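Two complexes come next, and they have one chain in common, chain A, joined by chain B in the first and chain C in the second.
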Partner chain A sequence: METPNIFWGVIGWMIFWGVLGSVVTRRRYLHRDLDTTNANFTGAMLGAATGPIGLVPLWLRTPELTNRLIVLPAIGSVTLIAAAFAFADPGNNCVSNGAFVASQITNGLIIGIIYGFMALGLTLIFSILGVVSFAHGEFYMIGGMVVYFVTAVWLPGINPLLAVLTACLVAFAIGAAFERLFLTPMYEGKVDRPVEYGILVTFGLAFTLQYFVQAMAGANPVKARRFFDFPRLRWPSAEDPWLLRSSRGNVELFDTVSISNPRFVAAVICILVLIALLGFLHRTWTGKALRAVSQDREAAAIAGIDPDRMNMLAFALGGMIAALAGALLVQAFSWLPQVGNIPAMRSFVIVVLGGLGSLPGAFLGGIIVGLVEAAGTGCIPDAQKAASYIPAYGMVVLTLTLLLRPTGLFGRRFASGAHGKF
Partner chain B sequence: MKRIQRTTGIRRTEGMLAVSLLALSASATAAAEVECPIRIGGLAPLSAPGTVVGGEAMRDAMLIAEQDLNDAGGVLGCEVKVVIADTEGLPEKAAAVMEKLIAQDGVVAVGGGYHSSVGVASKDVADARGVPVVFAETWNDTITGDKQKYIFRIAPLSSWASSTIWKHSLLVPGIRKAVILTENTDYGIPAAQETTEGLKTGNVETVTFSVDIGTQDYAGIVERIKAENPDMIIVLATGEAGYNFTQQAADAGIGPMDIPFHTGQVSLESKAYWENVPDGNYAFVQRIGVPENLFNEKAKNFSATYKAKTGKAGVESYAMEAYDSIAILAQAIDEAKSTDGDEIVEALENIDHDGTLGRIYFPYGTGRDPAADGKGDEWWHQWPDPALTVIQYQEEGQNSVDSPIVWPDAYKTGEAIYVGR
Partner chain C sequence: MPARHVPNAAGVLVVAFLAVFPFVYTAADYDYIMHICITAFFYAILASSWSMLSGYAGQFSFGHMGFMGIGAYTTGLFCHYLYLSPEPTRLCIEYPIGDLYLVVVNPIGVTSTTLTQDCLRQALAAWDGSVAVTPMPVWLGIVLGTLMGGVFGLLIGLLVLRLRAAYLALFTLGFAEILRATISAEIEITRGQAGLELPHLFENGVTILGQTYDKTDKIPSYYAMFLLLLLCLGILTWLSRSKFGLCVRALREDQDAAAALGVNIIRYKILVFVITTMMAAAAGAVQAHYVGIITPNNLFLLQMSLVVAMAVIGGIENFAAAAVGAIIIEFALELLRNSFEIGGVTIDMTIWRLVFFGILLMLTLRFSRNGLIAPLIDHFTRGHVARETVAARTAADRAGASR
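Entry: the complex of A and B
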């Protein structure tokens, strides 16, 4: 960085006005007996983006905190940080290299979609059962392992999508059986501390699955072959394929953005399954029943819905979603019995960031984490540190969000017994 | 002072008479003082984030060493038992594992060890407990550089291993800029610094990216490396991290088939390499030990047993090191005629072991300080002669033992192919 003083000076200024804005705005809204749900966040963002110019009118007028008033200052803050960075380090690739920026954003979006998809399963389970599943990473691992063994060991040559389907069925069956055998005591009042029981029993499942797979398959890294090879394309012409150029394992757009085959395939399938999942939840009776249980179990039961059956379905579906993410990524990453540890941790971060129990929040949280990781990896000037801090980037975003908006981006304050709404 | 040795295998019913007789004869034969079986610890990473591929190879090799020793009649009349311990490649686990091996399993010496961070963390425990360790594959210079009485090493120093890489890299035609991807561990960080310094002597600029040992997704880093426009990429990451990065770089068009690419040593395990890095042809890999055509009798015998046991087509260098680390400890115990730590150390300092890697000895220790010959502290209890070579995969699916050695000239079996960008 050429002039770090400028950058850190701006950051210091933003932190000062952000903290002041957060604290004082909440006090002003409390003083006037107004809703303070978004006061901290809005005050912090407006303070960081505009300093006293925006804060003083806000404190004097205390308008209703609409979405526009929340989102615009947040965008302004991010823009100000970017501008300070560009001014302080004009030679940085993130400033001077448009192709690099486009590639990083694309990579962040693609991996963010997959992160968000995996986190959807976790939030689905939490919103229905009120259980934080600590076995989510192991379902992810199982999905990849099943695809590897089906395509590379048991039935080489099989259509990989059939292997993905098998992985989903296996995970669904494990999830359903586990829920019936081990989680039902929670709802029947057979355990004194159901929340702690839920955590411990899913921890148990995680260890069991991880070490069972290690005992059966070993701990050597394995990897499935690419599901499909891209056709060799050159658009608009073979001589000057500035629009699209593809090889077996890669596609390049506009001569700038490069996307590897496994990620592209995984992201596209995730989006298709997400659309199908939303259709299921909003268009089918079972999906509506799931949503009803997430909103009010008692009312749903009165309306003829069996909440216990919905519990089983939600846990199995949540595990299946994680397994699907793993099944799609086993062609991109080397796979081990412990491979789910980091994605599971990331899912927890995303779910809390998006708001516990919120499906849009989980998906948006995943994309935010993906983009922040890409920005951190790509833009931090010190190459040695840029990649070392990858796991920390999401945590920084999470910490800031929890400080300013403890319910997460799309979360809500829960009444006792309700866990979420999607 | 000798430790008190317990006697076993004596039935209580034989009572005090037998104990008295044994006590009388104790001074007559040292071997009778030894507890049977003689337990030797074997460190290996058998779970992630450690390099499981390497750990399993080392485990198999150490168990073959145990079998060979017992087939030859054991040591001091006792059966040898190698107690394998999983370090997971984690320093915090390594210290605990070393403590357990000594305190609970009753090992009298320890061999094996793959990750440098494991060696750095566990050596202090062993040294404080007076238990000799012969590290097999831990490269960090400080492991011997701390000049601890009970710590020995038959692996090369990190600085030697790094010099293999940078000396070979300087031969890449037209090289002006290299990117190093390293794990931020006790192995990776000093290795990256040494490689950078070495490349600087040839006016080669370097950019180093360091990552956590368990990193999976390298998309952002790969883009950044592409933006650096390097002439060569060097990977100093152990375990599946090396596989993940190499294949993701290949997907992005900067893999071994696109530019000269020095990948991690774990790639010597050919089956896993080709499964995880299908686009990894033309990768260079560092290898320790002489080529198979120069194997001595012991190496040939071990290689045959190892291949039969594991079904592999070749033997990895870290497997040979692990085998030798156990064998050399057994010889030291035999020559010391005791399992006492001090006496084993004395025997090790004077040992002349005919191992699979060649003649193994330790020229520097309590008898002669490295400084006496102008050497650095890292030469303390360090085997000076490990052969370091660079091989190159030149056909898809090729086995590492069949791949040509392209550096140094003394062991060369084929010419390097430098792919164009």
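Entry: the complex of A and C
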């Protein structure tokens, strides 16, 4: 960075006005007896984006906090940070190199879709059982391991999609069995504090699964082959393929954006499964029953839905979604028994960002986190440090969310079941 | 002796046994057993302080190992970078204190050319033995580490005030993870995965009761850790029996009801955080000096899982049970290391023992939520209550039947 003082000065200024705005706005709205749900967030964002210029009118007029008033300052703050960074470090790759930026954004979006998909499983479990599954990363790991063992060790030459299906079935079975064996006492009121019991027992499952896989598969990294090869395409013409050029493992758009095959395949399958899942949740009886239980457990029981069966289905389905994400990414990354830790953390971040229990929130949160990580890894000058700090970018997002808007993007503060209390 | 005194008597016996154990035990694997004992005490401190935080106060923090790491790294960096010198080196950053100079060694990261980069080494080479540089005292590092753990506990405690259950667990887990990422990434200062070397607990040996111990002798470290464990258990006992324990348990059962009854929940939440994190940091600092090296992997989730599992299997709502559970499990884990063969298949117990351990953790949670040792203590201390209640009820029933 050439002039770090400019950048850190702007950041300091934004933090100062943001904190001041958050505190003052909340007090002002409380004082005038208005709705304070979004006061913290709006105050902080408006303060950060405009400083006193925006805060004074807000303080004087205390307008109703509409969506536009919430979103615009947030976008303004992000733009301001980006502008300050560009001024402070004009030579940086992610300021001067447009192709690099486009590439980072595309890849951030693609990986964000997969993150969002994985977080969807966690939020599904939470919205129905009221439990944050600490074993989510282990389901992810098992999905990848099963695909590796089926395609590379046990049945080489099998269609990789069958292997992915096997991984899903295995994870579904583990999830269902675990729920029946260990989570049932929660619903019967046998546990004093069900939320904590859920955390501890899924933590135990994570521990057991991780070492079980390590004992079975060893601690050496493994990697599965690419599932499919791209066809060789040159478009619009073979001499000048400025629009699209593909090789077996890579596709290049507009001569600038390069997307690797495994990630592309994974994102496409994730989107397809997501559409299928939405269809299942909105069109079938079981899916509707699942959503009903997540909205109001007791009312659903009165309407003839067995909430306990829905619990089993939700836990198994959530685990299966994580396993599917792992099964698709095993062709992109090398796989270890500990590989699930960071994705699990990331899913937590996404789920809190989107709002615990909110399905669209999880997906949007996934894309945001994907973009933030792409920006973090692309823009921090020291590449090695940037890679080491990958878990930290998500944590910054998590801390900001918890401080400014603990309900997340689409969170419901008073959900049914054990999760009304967070 | 009434039954309710049995656990106390057993506790006194165990403490007495552990106090004389290093002098009684004389087998060939003496150093190994001593090492397991010290590690077991270390985990016992962590498990019992964690049980105070989660079992008593209901604050399920998964960042306990992070605070342990803060204690260890604070003393590690303190002893690694600060020296006292009677002469100015004129190479390092230095501050005069009285007639001494506080030398701050420049961070050089992991490199093989220490002599040309490390300013203190260069100065020492130039002096050629004419000036003696004193390293910082280890005890001061441990005290600073403990305080730093408390400071971070205060900050995190303030941040998580509004969070409950799942959010708290996620946030603290993230805190530990971020700390680990930072330590791994800032290689120039913390030496990253290469690990930070620390001076030994008693670097120059120590003389106790006329007997001189070398720095490789286990006995002084054993007693240092043992006394720290006793100190922590003493503080925890005192706290749990005072108003503090009562308020903190009220906080666990129902935060809003406790607040309505006049419990200052903010104060108690922060206090319990600061106290338990200071214990974790102190344990981490002493253990780091005993082992002599600290790496970011010590903060790994596995270590946290071990502490959680020990506390849960011992009994999460009783810190003494958690400590006993930690000691027993540490020994069990070490003794289960031997691999064996069944029908030509070698079972690698270094991994499988952890699998069994995880299954034991889940089964304990499922079928005996108070752990395996706490119910045993309750059987003696509270068994008579149940008996009396049953007796009173049967008597009442008889009276009712005869009427």
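The criterion applied here is as follows: the second predicted complex is superposed on the first by the 412 of 422 C-alpha atoms of A that agree within 3 Å, B and C clash if a C-alpha of one lies under 4 Å from a C-alpha of the other, contacts with A are read in each partner's own complex, and residues count from 1 in each chain.
Just so we're on the same page, a residue touches a chain if its C-beta (ideal position, glycine included) is under 8 Å from a C-beta of that chain, and two chains touch if they have at least 3 such contacts.
Since the model is a prediction, treat every value here as computed from it, not as a measurement.
For the composite obtained by overlaying on chain A, chain B and chain C cannot both be accommodated without a clash.
After overlaying the two complexes on the shared chain, residue contacts for A:388 are found with chain B and with chain C alike. Of the two partner chains placed by superposition, A:60 touches none, neither chain B nor chain C. When the two structures are aligned on the shared chain, A:263 is found in touch with chain B, with no touch to chain C. Applying the stated contact rule after C-alpha superposition, one finds that A:356 touches chain C and leaves chain B untouched. In the superposition on chain A, contact is made by A:378 with chain B only, not with chain C.
By the touch criterion stated above, A:214 is placed in contact with chain B and with chain C alike.
In the superposition on chain A, contact is made by A:195 with chain C only, not with chain B. Using the contact criterion defined above for the overlaid structures, shared-chain residue A:302 touches neither chain B nor chain C, since it reaches no partner. Stretch 291-299 is the one of chain C that runs into chain B, the other listed stretches 129-137, 291-299 or 345-353 having no clashing C-alpha atoms. Taken together, the two complexes place residues 214, 341, 384-385, 388, 390-391 of chain A in contact with chain B and also with chain C. On the chain B side of its complex with chain A, the touching residues are 46-49, 52-53, 56, 184, 207-212, 214-217, 219-221, 223-224, 226-227, 239-240, 243-244, 247-248, 250-253, 272, 275-276, 278-279. Listing the residues of chain C that touch chain A in their complex gives 54, 58, 60, 159, 162-167, 169-171, 173-175, 177-178, 181-182, 184-186, 252, 301, 305, 308-309, 312, 348, 351-352, 354-355, 357-359, 361-362, 365-366, 369. Chain A makes touch with chain C in their complex at residues 126, 131-132, 134, 181-182, 185, 191-193, 195-197, 199-201, 203-209, 211-212, 214-215, 341, 345, 348-349, 352, 356, 384-385, 388-392, 394-395, 398-399, 402-403, 406, 419, 421-422. The residues of chain A lying in touch with chain B in their complex are 93, 97, 100, 103-104, 107-108, 110-111, 152, 214, 218-223, 225, 249-250, 258, 260-263, 332-334, 336-339, 341-342, 373-374, 376-378, 383-388, 390-391.
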